[in-house]
């Protein structure tokens, strides 16, 4: 694996899930692999889990880590080509990326979408610019349209918990007060489609994910139908893809409730976090024994550790 | 020691002071104790001494350290139970604490008081929530009502400098232009009360510390009386506990002056820093040979190193 | 070398250039030199290259590193003497510097000029206060009037690329939309004057650097004349020294263009970065094979690594 930006960078998703479970079983097994190698973590946006779990994974692999909040620690970056840089952006990605690569063997980048420029967002301008100009491996720490470190952790979590070979996995939209990216929903769908699990996406009308991400999933606008017999309920809010970046009126009743969970096959409750209690999910659900959100967050270490390990092995 | 949140977490304060002095004498004596252990430092508020001294102590113990400014690097946290999270707080402590504990063996937390909600502040909502939900040892890096790493460093400093077995130690309120927490004053009092030193607290009327912190100390509103024959003058401002969080008019003459220091038994001048020169203390005092504020700040390393060492030994 | 604040701290500039090249050839040759030594990096201002390259160099030398954004992580600092601190500055450098030195063996400091108080800026109040009060070696990570880590990297780059013993090196002013410090220009001039290269400074009228920095350089207000036969074109904007901190009207035509580069002896194009494309330099120049800005940025590691190595050897 050269980069880890989207699933097409991955040779074999199931092998990567197994590698994550192996790292979890033996966290320090490859502690010499990253010796004298440096990981740079660039945050254009807030991060808790990704920030800490990626540092932890790199430490487990013996790497050095340098963390930077790009906008506040450094300079605003320009990504458009052939512009006269007379605005508030002091540095072009054509310099910034290769410069950072002078100091880092691998670069992790988090950059949320604008939610206003659908084209730039879905072309993954920021991550693909790093890929194009840096010259070193790039790890996607959540981009405009994807969050593959999260999705791999999700697959690891399902692999640990599933009771049948082909569980029914439901991704359900849930309400929020802010316009959020589609990245986690897109990415979970994209990765689930690489398994043979039964996969259903439930969301209100107007909230269908982009078809290239939803892929072969069954899509329904009936949440109860989706929940029936489910083994995993994965809740997440996203803003509309069709009415790009907007929150459509209504749909507050899409909260994941204890009542709705009764429809499932005693499903495990999943969420990538942070989660808004009382909007996305009732306390009774997330506080129940079937909530696995902490285990899921813990698996973020093993997900990115498997990714970094494979990149290091290929260097 | 499991946690280090308040003195009741400590088995034997005098032994901890000795452990701090032993770490100072031999900083790298336990460099293998923290190997492959990770300390997470969470700052809800500004920090210089605590930020750097705690990192340094952890490094001396061979630990890895991850530092995070919670609000700006990550998300605003909710601490109230059973709320609908439709405000500006994106994550609940019930998730945040156990998630961070997935990545850290020990968590240090700094969180100042609101100074508006006396009940929440004095119940130590933030630190006690971390204790309740994280599941790993918590170190208090200054909480709403206490600053035990500072107080332990203060006891170490007094132990180094005292010329008699039972010195007279005076905690004196001093003026400031901003409403400051009572934490350092409370905590110094709480810890001094665990020694057999002669202990006097001098403050203007209306500024008495909470009785449970002042404890057996002699309280006076006459600064000159307190200074008479003192071996240590510990200056600190705090806002009113009675008129919670307020600055009461007057009292600018409570500055620690060279003139007042003449009343003492050539007392050492102490302050936790940062200190406002010209408000809290005259330049002539803090620049004198009897000022020990830098030594005191240096002892912050050995204070927290003794704490981390004891926690690590108990894991 | 005790400190690295200005060239007078350096015994032999040519030896330091050689030391940088030696570190580049063998980055881990002195990995044990910094063992159990801690470098503190204090940023009063934004930084990308300096932030990352200095961490990288310290890691290569086996040091521990602690990074702090002074104003936002900690407290605003007061540098004036004998003041009543009743403003927004919570801590005096007379405490902050020696306190930080309790935790760090070497301290790196970045602090830009006010561009309003010429006297304080050119007296290097911030860096010289750290030198005066810290008691440990201080490394200048760009101060009010100098950027010696950059200048040393520039000399290393020229040493690598020059085709003749005495190349013609041109420092040319170029346009910008913001008022920038004179530090990089000053410093480049100061260091070039320590070589025997042919050195020309080209800038519009009103933009002459301070004479003590320009030194023996030939100064011209005719850019084309300067470019003729040049081996290195070093572009940089700075605000006026004479009309202190101001941007004078006009001079947009001072952009480094492909057309002007034709006047040179196929000169290498240099800039310290970040650079504004379309203002300072045309895309055609910075994207050409003769642009060495990335190599130059990469040499920031070896520059500061040579400096830290020499300081560590002297401790």
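We call the chains A, B and C, going by the order they appear; numbering starts again at 1 in every chain.
The criterion applied here is as follows: contacts are C-beta pairs under 8 Å (C-beta built on N, C-alpha and C of every residue); 3 or more make two chains touch, one makes a residue touch a chain.
In this text the structure is predicted, and so the values were computed from the model without any measurement.
Undergrad: So if I superpose subunit A on subunit B by CA, what angle comes out, to the nearest 5°?
TA: 120
Undergrad: Interface overlap for subunit B and subunit C, more than half of numbers shared or less than half: same or different?
TA: Different residues, largely: of all residue numbers at this interface, under half are found in both copies.
Undergrad: Give, as an integer number of Å, the spacing between the C-alpha centres of subunit C and subunit B.
TA: So the centroids are 39 Å from each other.
Undergrad: If I count partner chains per residue in subunit B, which residues reach a count of at least 2?
TA: 72
Undergrad: How about subunit C: which of its residues touch subunit A in the complex?
TA: It is residues 28, 43, 46-49, 51-53, 55-56, 59, 69, 72, 177, 273-279, 283, 286-287, 293-294, 297-298, 300-301 of subunit C that touch subunit A.
Undergrad: What part of subunit A is in contact with subunit C in the complex they form?
TA: Answer in residue numbers: 36, 38, 40, 64, 66, 68, 72-75, 78, 82-86, 90-92, 94-96, 98-100, 102-104.
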